[in-house]
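The data blocks that follow each hold one structure.
In what comes next, chain A is part of two complexes: it sits with chain B in the first one and with chain C in the second one.
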Partner chain A sequence: MNQARANPLNKFAMHGALILYTLIALFPVFVILINSFKTRKAIFREPLALPDAESFSMIGYQTVMKQGDFFLYFQNSLIVTVGSLFFVLLFGAMAAFALAEYRFRGNMVMGLYLALGIMIPIRIGTVAILEMMVATGLVNTLWALILVYTAQGLPLAVFILSEFMRQVSDDLKNAGRIDGLSEYTIFFRLVLPLVRPAMATVAVFNMIPIWNDLWFPLILAPAEEVKTLTLGSQVFIGQFVTDWNAVLSALSMAILPVLVLYVIFSRQLIRGITSGAVK
Partner chain B sequence: MTALSLKSVNKSFGNVHVLKDIDLEVEDGEFVVFVGPSGCGKSTLLRVIAGLEDASSGEIRIGGDLVNLTPPARRGIAMVFQSYALYPHLNVRGNMALALKQERQPKAEIEARIAEASRMLGLGDYLDRYPSELSGGQRQRVAIGRAIVRQPKLFLFDEPLSNLDAALRMNTRIEIANLHRALDASMIYVTHDQTEAMTLADKIVVLRDGRVEQVGSPMDLYNNPANQFVAGFLGAPSMNFLPAELVQPGDTRTLGLRPEALYVAEDGALRGDVTHVERLGGDTNVIVRTPATPITVRLFGQHPVSVGDELRLGYDAANAYYFDGEGRRSA
Partner chain C sequence: MQKPRFRWHLVVFLAPAVLVYTAVMIFPLFNTLRLALYSKVDQERVFVGLQNFQTLFGDPNWAPAFWNALGNNFWFFIVHMLVQNPIGVALAAILSHPRLRFAALYRSAIFIPTILSFVIVGFAWKLILSPIWGIAPSMLDAVGLKSLFAPWLGKEEYALTTLALISVWQFVGIPMMLIYAALLSIPEEILEAGEIDGVTGISAFWKIKLPLILPSIGIISILTFVGNFNAFDLIYAAQGALAGPDFSTDILGTFMYRTFFGFQLQLGDPHMGSAIAGAMFAIILVGVCIYLFGIQTRMRRYQL
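Showing the complex of A and B:
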């Protein structure tokens, strides 16, 4: 192990592979970013060139700011994503705790039932979901999206978190019980902090598909005041003419908040991993 | 008064019958040790007493009160766990204070009890540290401190020393013994280590397969084991068992001889070759291969025996134990 680590050739190869992968992964983002700052002509003439004095233009950003209520879309996306993540983590962790901690009849069956959603895409039920939302009057509200995304995220959350909760020391939970802590205090104060890395993993897994989703916003909440960012950006993509400046600018701005959320969660991930190793 | 009394306590997990008709009394101020091989049910019994598992049937009384349906926090017990089980998000002071805060004790009382416990355990300098900043021995002392501040009717220890290294284990063992003297409290201590059981206990409860095999003081059990299991479990090195017909032709019983009861004698009844010698300085343990089975002999002091020597071993008839085919003691 030590020898392999000390070998400079291995180290070089390892870092080389990682850097190569990073470049490949970041290339599309890079192309979007540079082209969002160019004139329309420059985008088509030389898509890979950096913007220079001649081709530099903020026209895309100006269009985005002027047309449509971009900040409202932004806010909607943020509310939906953060709200859904909150409910996925809260209910997922609670269900996982019950499955991992208590012996009751049907525990196993319940676990399997909750995990079934991993294998069945929620979009199959779109028509039924739409009918349900119409019946409850939730169409064109952000709640419609939050509820659907919570349902979509729960199976994986329960599956991952219950596995982690089983590893939390029984002695610790029992010490809490003997000291007179309620089951809720044990869950929130003792168990949740210890499975924080797993929570971060679940959050990252769920966040990006929710933020990027076009399907459900288009079907359940297409009204102007509840449009999400992804749906809002579609106004620039026409059947015959697409305003590429505006599309690229909107996408560039859409990347930012996900990046911030991702950094927050991945910090938690890393902290969790190292604290486990040192202990 | 009795600190704890169990009446025909049973515990099953599904079809697995873990505890079978356990009857037991623990007097006030008594130090009782549950000992047995792993899987004998001793930890389950402790958890049933603590209320972390419900008994399937039977009566549990702590300080005279029936507690079968009382939650653990209100049974007047405190427990020390093998893995310490300190709260990682609280410092030492917070760990000790938590249970008292839950009981809504006044602040001054909490402070006083923590001060007293940390003085007894020498934890004064560590009160503001977090568990991750403490060594294993310190963590275990904090866990014991957390139990002391509650001033429970009954202390429960679940193999508290098995995560410590050998030197620390002996020190902590002495500390626990001193603590028991200082607090004069009733304690129940679970271990699989017969040395801990012999050195700490006022009363030992030997368990096997969920049944109590024998209850008594350490010397009672050592001198007067009820059966072959107890005889073999207590004492180190453990008792030698060999067919009695080796020394008395026609006798079908099993002969039990403690390693320290054997001595080298020209006219000894047993004869064998030395296959291994362990020199400990104060003692010399010799493994001798007799015609039936290898036996261990513990000779006091240092002896010039070497592998391959032929030894004749003798013993006093008073030190010989006999067991019948079922392992029961027979005169």
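Showing the complex of A and C:
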């Protein structure tokens, strides 16, 4: 092997740089988490110390549990995210299959039309979206959010999934056709299982922005019973700015679900990004 | 031969996606642009042509706020381009080094801020930079730089840059991952050919790898551009809808939100809000067009 690429000094410097940046990336999360378990005095006296027997306190979490309806928010976020992902994947895969599998007039145009939304953020249309949701009575329902996120996720989903569906072997589909399977059966039974990895990639890409979005919950569904976790913690923290225990605990409770999801899905996510699905 | 039957399954497959996408995304987009040409006079919607845009760009009550938000937004973007993308490329270059140990661990850890919501990020940094809590000043004190500390988020001259850097901290993972993927796809033979010609180490990065990953850097730049010009959440979470202190952190997203919904004494105005959305749309469109026709087509792509 080449000497220059295995220089021990270089290696040392590389690890140093990576460790330094990792610390920068994790430090704020770490500080928030450890301080959420401390008494108010300890938070201010020694912000960087780990909670010990003396400074340990759950008072912040107790306030949060008493004052904020975090389970409801969590449930709303979960419904919106899972619902949107379901429709993005189902509708996106169906459209991607139509574009990848059949030749028809307007195929190109349809593909370009659906791809427009990759670059143009849906937020630009907020004024008219709100007007429409008010007119249809969907404002302050979770459906409003699910519809918006479905529309937002579809362009990239169709784009990525159709790339993958072009790689599914024609022989397989034609064998199915000779056996008399309908186009629907071919799609649901033969093609969908084969593009499952791509579907997972699309799901993971969409999951984080939907879960973390503040704009649409704030505008389309600000009512108490449909608040998402992101909006709920924003409002809660806004009300409790001076109660540091409560704020830190609320932040930690908002961080944890995402962190858990990330630990579960990070391999999928990183594989998705690095497999070049977004090139 | 008989004419093929109408293929109903095509309609069934395409209809749901096309309907939802058209109804919730494309139609409201154009409807918003249309609403920008109207105004409310005596409770009635009147067509006023481009007057809203004239007000936005030239009226003494509106124009300063608009140009302020636009200028801030450009600064926000420039900070991202100058800090986020070089750090992302550098991290990716180190991570893609063959036989680096713990690469997966570093990669996952550095990506964590990207998955957190703006609310968490905004408040967490607000607390850390807060002079009341004192984490930032005491850490600076530890390295003897305490005199450098200032309440960065509260000072007009620093607040915007501070927020931009917080956003950089949050999103550095995205360029890192995309560049990392691009670097991994460079064939080993090319690097070895370079080594035979004596191009190794740092110069191999500048002379061989960087030209090969330029298309990915282009994609990252346009993603950053679009993301920054429709940013809102972080500013709102950290500084509120008023984008304080004294509007020094106001960007187009927060300006549109305030205009649309109203704040304090000013009533919400959907038509002016639409006009701002129209301006944002135009800016993003220009950026995307410059990228697609000016940069992407001219960029040299190497057949790997």
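General observations
Basically, the second predicted complex is superposed on the first by the 210 of 279 C-alpha atoms of A that agree within 3 Å, B and C clash if a C-alpha of one lies under 4 Å from a C-alpha of the other, contacts with A are read in each partner's own complex, and residues count from 1 in each chain.
The rule is short, and it goes like this: a residue touches a chain if its C-beta (ideal position, glycine included) is under 8 Å from a C-beta of that chain, and two chains touch if they have at least 3 such contacts.
What you see is a predicted model, and the numbers here were worked out from it, not measured in a lab.
When the shared chain is aligned, no partner comes close enough to touch A:A49: not chain B, not chain C. Touched residues of chain A, counted separately for chain B and chain C, are more numerous for C.
By the touch criterion defined above, A:D171 lies against chain B but remains apart from chain C after alignment on the C-alpha atoms of chain A.
Look at A:V260: by the touch rule set out above, it reaches neither chain B nor chain C.
When the shared chain is aligned, chain C comes close enough to touch A:G117, but chain B does not. Of the two partner chains, chain C is the only one that A:V29 touches; chain B does not reach it.
Contacts of A:L181 after superposition on the shared chain: chain B is touched, whereas chain C is not.
For the contact definition in use here, the residues of chain A common to its chain B contact set and its chain C contact set are 275, 278-279. The touching residues of chain B, counted against chain A in their complex, run 47, 50, 52, 71-74, 77-79, 81-89, 98-99, 102-103, 132, 146, 158.
Taken together, the chain C residues at the contact with chain A in this complex read 7, 9-10, 12-14, 16-18, 20-21, 23-29, 31-32, 35, 87, 90-91, 94-95, 97-100, 102, 104, 106-121, 123-125, 127-128, 133-135, 138, 169, 172, 177-178, 180-181, 184-185, 195, 200-201, 216, 219, 222, 226, 230, 232-233, 236-237, 253, 256, 260-261, 270, 273-274, 277, 280-281, 284-285, 288. Contact residues on chain A toward chain B in their complex (touch as defined above): 169, 171-172, 174-181, 189-190, 193-194, 275, 278-279. Those residues of chain A that touch chain C in the shared complex are 2, 4-7, 10-11, 14-15, 17-19, 21-22, 24-26, 28-29, 31-32, 43-44, 47-48, 87, 90-92, 94-95, 97-99, 102, 104, 110, 113-114, 116-117, 119-129, 131-132, 147-148, 150-152, 154-155, 158, 182-184, 187, 208, 211-215, 218-219, 230, 233-234, 237, 244, 247-248, 251, 254-255, 258-259, 261-262, 266, 269-270, 273-276, 278-279.
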